[in-house]
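Same chain, two partners: chain A is paired with chain B first, then with chain C.
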Partner chain A sequence: MLSRLPFGTQKKIIIISFVALPLLLLLTFSYYPALELVRLSFTNWDGMSPDKDWVGFKNYHEVFSNSEIFGVFKHNVAYFVVGIVQNIAAIYFAVVLNGKLKGKYFFRLLLFLPYILNGVAVAYAFGYVFDTTNGSLNFVLGKAGLGSETSWLGTEKFVNYTLASIGFWRFMGFNMVIYLAALQSIPGDLYEAASIDGANKWQQFRFITLPNIYKIVELNLFLTVTGALEVFDLPFVLTNGGPAGASETFVMKILETAFQFNNYGLASAMSVVLLIGVVIVISIQRFFLSRKGD
Partner chain B sequence: MTRENPIWTFIKYLSLLIAALGILFPPYVIVTNAFKTPEEFVNKSTMSLPDSFLNFSNFGDAFVEADMGRAFGNTLIILGVTLVLNVLLGSAFCYAVSRFKFKLQGPLVGLFLFATIIPQITTQVVNYKTIQGLGLTNHLMGPTLLYVGADILQIYIYLQFIRNIPYDLDEAAMMEGASLFKIFYSIILPLLGPATATIVILKTISIYNDMYTPFLYMSKPDKVVVSTALMRFFGVNSGDWQMVSSAILIIMIPTAIMYLILQKYIFAGVTSGAVK
Partner chain C sequence: MKKSLSLLLVSALSLTMLAGCGSDDKKEETKAADTDKESTSAASTDTEAGSTDGAGDISGKVVFLTNRTDMVGKQYSDYKKRFEEKYPNVKIEFEAVTDYEKTEKIRIATGEYPDVVLIGSGIPNSDFPKYFEPLDDIQFSGDISFKDLKSYEGHMYGVSSGGSTVGIVYNKKAFEKAGITAVPKTLDEFYAAAQKLKDAGITPLASNFKDKWPLDTWIYDVPTMIGGASDHQNKRADSDTPYTMDGVYGQSWSILRTLYEKGFLEKDINSTNWENSKKDVAQGKFGMYLLGNWVINQVIENGAASEDVGFFPFPTDNSGTLKAPLNPDWFYGVNKNGNVAAAKAFVKWMIEESGFDDFAGLIPTLKDKQSNLAQLAEFNGYNPQYIEAGPSNDVATSIQNAAQIDQGKVVQEFVLAPDQQSILDKYNKLWANAKKSVVK
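This part shows the complex of A and B:
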């Protein structure tokens, strides 16, 4: 039946019908909520009542002046610091696995494994590893004579680093695989030419490898920063923000504000602040990337 | 070729050994404890091997206690519906965008690319209200609706594949009198097989591992999925660890097996998304 229509008409039908649904989904669940967030952030909506009062910048003032809200970002710093170390480790292992090595496919398989495991299951597994009395980490440390009483998830000073180290375990292999793909796309004769010219391994890394994977480093760093800003599942599952709120993250705070305290206006303002933060990170990255490209 | 410096060789293998031990440490602890009886768990050290790797009683308990039957059932339903719709919508979209010339072609793909900078985690405050308005909170189709939309990675993978399918095939079929719909589903869609495999596998892993969405949108116990099944256990520092360990294993094993068998597609998908 359709085949009797001229191709021009068919083409129009196809374009409209094949594009409409994905576009509708995208607009409904990405663009509409982003705009709606901005609107709600200027109101005092409680999430239920039909009326929303316009309150101007009151919510934003609250976000920045209330140290209980904005101060939570301090906890995200740990994830950023560990994320940087994670990227350095990832580059190192990518370089190692890209060279001559026995069992390189096995090691790639193993290092990437944590990435595909269920995050909640991983979190609980680490909950056991880090447990103060029964935990296997304290057991091993005790055997090595390094003290076995550390409360890894219960000490305010380093609970965020403990949690971030789980992130390291999960995502280092992922970063590494991306770096590895970038390394493999560097033509081999560059290295040959360099070694004929007498460049040593470090010089080759510094002047050939690094410049060639520069874009990928930026991409991974960007993922690290946004990942650090958006941490949620690890502290939520393992510590629920404790002890005494020391491991609460900004996203946990948003959900709490919206769904427990029914303060949608404030929660929206917090979401907008986070969104703007991410956009700024991207813009800075784009800026440096385009300058580097010239 | 010059010979490698032996010190570098030593450092290389030593660091890999340390990394391997670090990766395997948590799974090792979970595996050994999942097979211990409560008495063994109390009397033996946490790192020791169980008396028998055939003691499956913890697994049975965990399966019942965490309502795993229902959790796997719900996850499978969400996965099934999402994957079928997502592949059909995504491939059709890319077919329309890459095979025909029309205004807005570029901006359309750009719209999907730009959407990636909006962190999904922040928009849930509004999306929750949308899903609630549709009556889909505490309904398996709620998360499904959120998962089903095409993402930029999928669009890149499909576009790249479709461009490599020669247009002569389409033209030949048109001469034979096939409609464009028929060309899509009997020529293009089957030829996209390997791309679809990669997308299906990546999507499966990300949905199976996602806790945030089901936790937020389906709080009723009968709507439990694999990711949220564990959370009903506790209070982290309480509970009996043998049973929890076996529950953790039950949840980790499906993706681990999938990974070992389908690693080729997984690595292809992960790198093709990033190196763009």
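This part shows the complex of A and C:
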């Protein structure tokens, strides 16, 4: 049937029919809920009742004026700091494992494996590592004479860093694999020429490797920033926001607002604020990185 | 023209696909609905037939929508046999579903739901007359608990399937090892016993502080015991400062704080592990829990011998009179459009004869009936004064939600903070502000 039509029309039909389905799925499961979220954020819906009253910007006002709500963002700083360190480590390992090294495929696999594990399972497993009385970390530290009484998940000052370190362990390998792929696309003769000109390893890294993987660094930082802002599973499983709310993150706060306090309107407003926050942070980051890159 | 044709084609394509998905669902739904209709219509016709049979004689089919999927084919087969022996004209059927409240809500919304259901907490009392039959006329052999909880305008619509209480679940072996000969009857004796446990190298009380929900007993039940009344959560609605140091909450949480300060809780209360704590209590590494009687079976499942697990009322003061809260479990409700007579007989039978309360570890709803559970018998041996839970009050709940107060977190802060009064002041302020916006 199609073959009778002109080629241009055939092409259009094929393209549209192939694009329509993903678009339809995207619209129904991603854009429609997102728009609905924005709409709910202007109402006072309690999650059950059929009537949703329009309350204007009241929810947004609440998000920004209530320090209880907005203050939890400072807990995310730890994830951000550790995320930066994580990217540096990932580049380091990528460069090392891209060179001539015995068993490099084995090490790559080893570093990447944590990423495959289910997040909740990882959190659960680390619960045993960081346990104060029976935990393996305190046991090892105790044997090494470094004190075995540290409450890793119960000290307000560094509970977020403890949690972020698990994120480091889990996502470093993933970042590394992305860097590795980028590194492998750099032609080898560049390094050859550089070494003939007398460049040392550091100079090669700084002037050849880094400029070539700039886009990828940007991508990884994007993933790190959004990951840091949206972290949820680790504190949810391991500390439940404790001790006394010191490790509560913004997403946990949203969940609590919606499902415990039945305030879906406010929770939607919080989600929208988070979305806008991510967009702003990414824009700033792109602004600085792209200027340097050019 | 061509463009619109291609668009039409595409939309037709996607439509047929979507329709394909949709029709499958529909088929299943109608099928389910059909079977429902069959059962209920069969039931109703049977009742009509039954009522002509003569007074007092009941017959027909009764469907019970239950949440205990684990009992299907086991205890329920036995219940069916015994019930049908007593009422030969009635055919009883058990339908077990997971995610009970959601399923029930949908079924009730369609208007076709089983004859006997458990009343979900999401259904407001004022809606009862729309769905359920008043159960005031069931002649129980004795007085029953929780008459007023699921009632509206003087009629009772729900009968509790059993009750539970809160007290100290303890490992008898651990108490023996620490040289505790008699269970503590006053708060000072309780502290002394905890000290003995601690001296014997046993963690006295497993608080499971980190997980927050085990602290619920300190929010709901211990204040009930201290104040001698179960309506303290509702009474918050009348006050601008519900959380005070000398009020029930301050007193309750101060006990927990004292336990923490004296080192009677886990070594690091911010790093506790609920699953492990059950094993530790079973093995005697931890001495006690302050939780509901439901935890007893879980401790036994984790390796403790039943005779080694004891249960006594928690002494909240030094007066020597022991108190214990009495909290309801699920409530049976009867579909007002179903086979009412037979359903009522079934509810009566479940409460009086089935033995479900003992199986589920619940306190019998009949006030005179003694539980067969050894631990509950021991608990009752100390003659605690039971304080029955009352109906909940929506105002207090809405204020709490508006103020975004997570009481579990409040307890955590109260215990950990250097200055308790400032914590209470902070939450009282949140409460007062929210109260202004909720109560107008």
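Everything below uses one rule, namely that the second predicted complex is superposed on the first by the 256 of 294 C-alpha atoms of A that agree within 3 Å, B and C clash if a C-alpha of one lies under 4 Å from a C-alpha of the other, contacts with A are read in each partner's own complex, and residues count from 1 in each chain.
The criterion applied here is as follows: a residue touches a chain if its C-beta (ideal position, glycine included) is under 8 Å from a C-beta of that chain, and two chains touch if they have at least 3 such contacts.
In this text, all values refer to a predicted model and were calculated from it rather than measured experimentally.
In the superposition on chain A, contact of A:152 is made with chain C only, not with chain B. When the shared chain is aligned, chain B and chain C each come close enough to touch A:131.
Once chain A of one complex is fitted onto chain A of the other, the partner contacts of A:254 are limited to chain B, with no touch recorded for chain C. By the document's definition of touching, of the two partners only chain B reaches A:25; chain C does not. Once the two complexes are laid over each other on the shared chain, residue contacts for A:242 go to chain C alone; chain B is not touched.
When the two complexes are overlaid, the chain among chain B and chain C that reaches more residues of chain A is B. Contacts of A:11 after superposition: chain B is touched, whereas chain C is not reached.
In the overlay built on the shared chain, the residue A:79 is in contact with neither chain B nor chain C. Once chain A of one complex is fitted onto chain A of the other, the partner contacts of A:42 are absent, as it touches neither chain B nor chain C.
Under the contact criterion defined above, the residues of chain A that touch both chain B in one complex and chain C in the other are 21, 127, 131-132, 134-135, 153, 239.
Residue ranges of chain C in contact with chain A, taken from their complex: 2-3, 6-7, 9-11, 13-14, 17, 122, 209-212, 266-271, 273, 276, 400-402, 404, 406, 409, 412-413, 416-417. Chain B makes touch with chain A in their complex at residues 2, 4-5, 8, 12, 15-16, 19-20, 22-27, 29-30, 33, 45-47, 89-90, 92-93, 95-97, 100, 102, 108, 111-112, 115, 117-130, 145-146, 148-150, 174, 177-182, 184, 205, 208-209, 211-212, 216, 226-228, 230-231, 233, 236-237, 241, 244-245, 247-248, 251-252, 255-256, 258-260, 263, 266-267, 270-271, 274-275.
Listed in rising order, the residues of chain A touching chain B in the complex are 2-3, 5, 7, 10-11, 14-15, 18-19, 21-23, 25-26, 28-34, 36-37, 40, 47, 92-93, 96, 99-101, 107, 109-114, 116-122, 124-129, 131-132, 134-136, 139-140, 153, 169, 173-174, 177-178, 181-182, 185, 195, 201, 216, 219, 226, 229-230, 232-233, 237-239, 251, 254-255, 258-259, 264, 267-268, 271-272, 274-275, 278-279, 282. For chain A in complex with chain C, the touching residues are 9, 12-13, 16-17, 20-21, 24, 48, 68, 127, 130-135, 151-155, 239-245, 256-257, 260-263.
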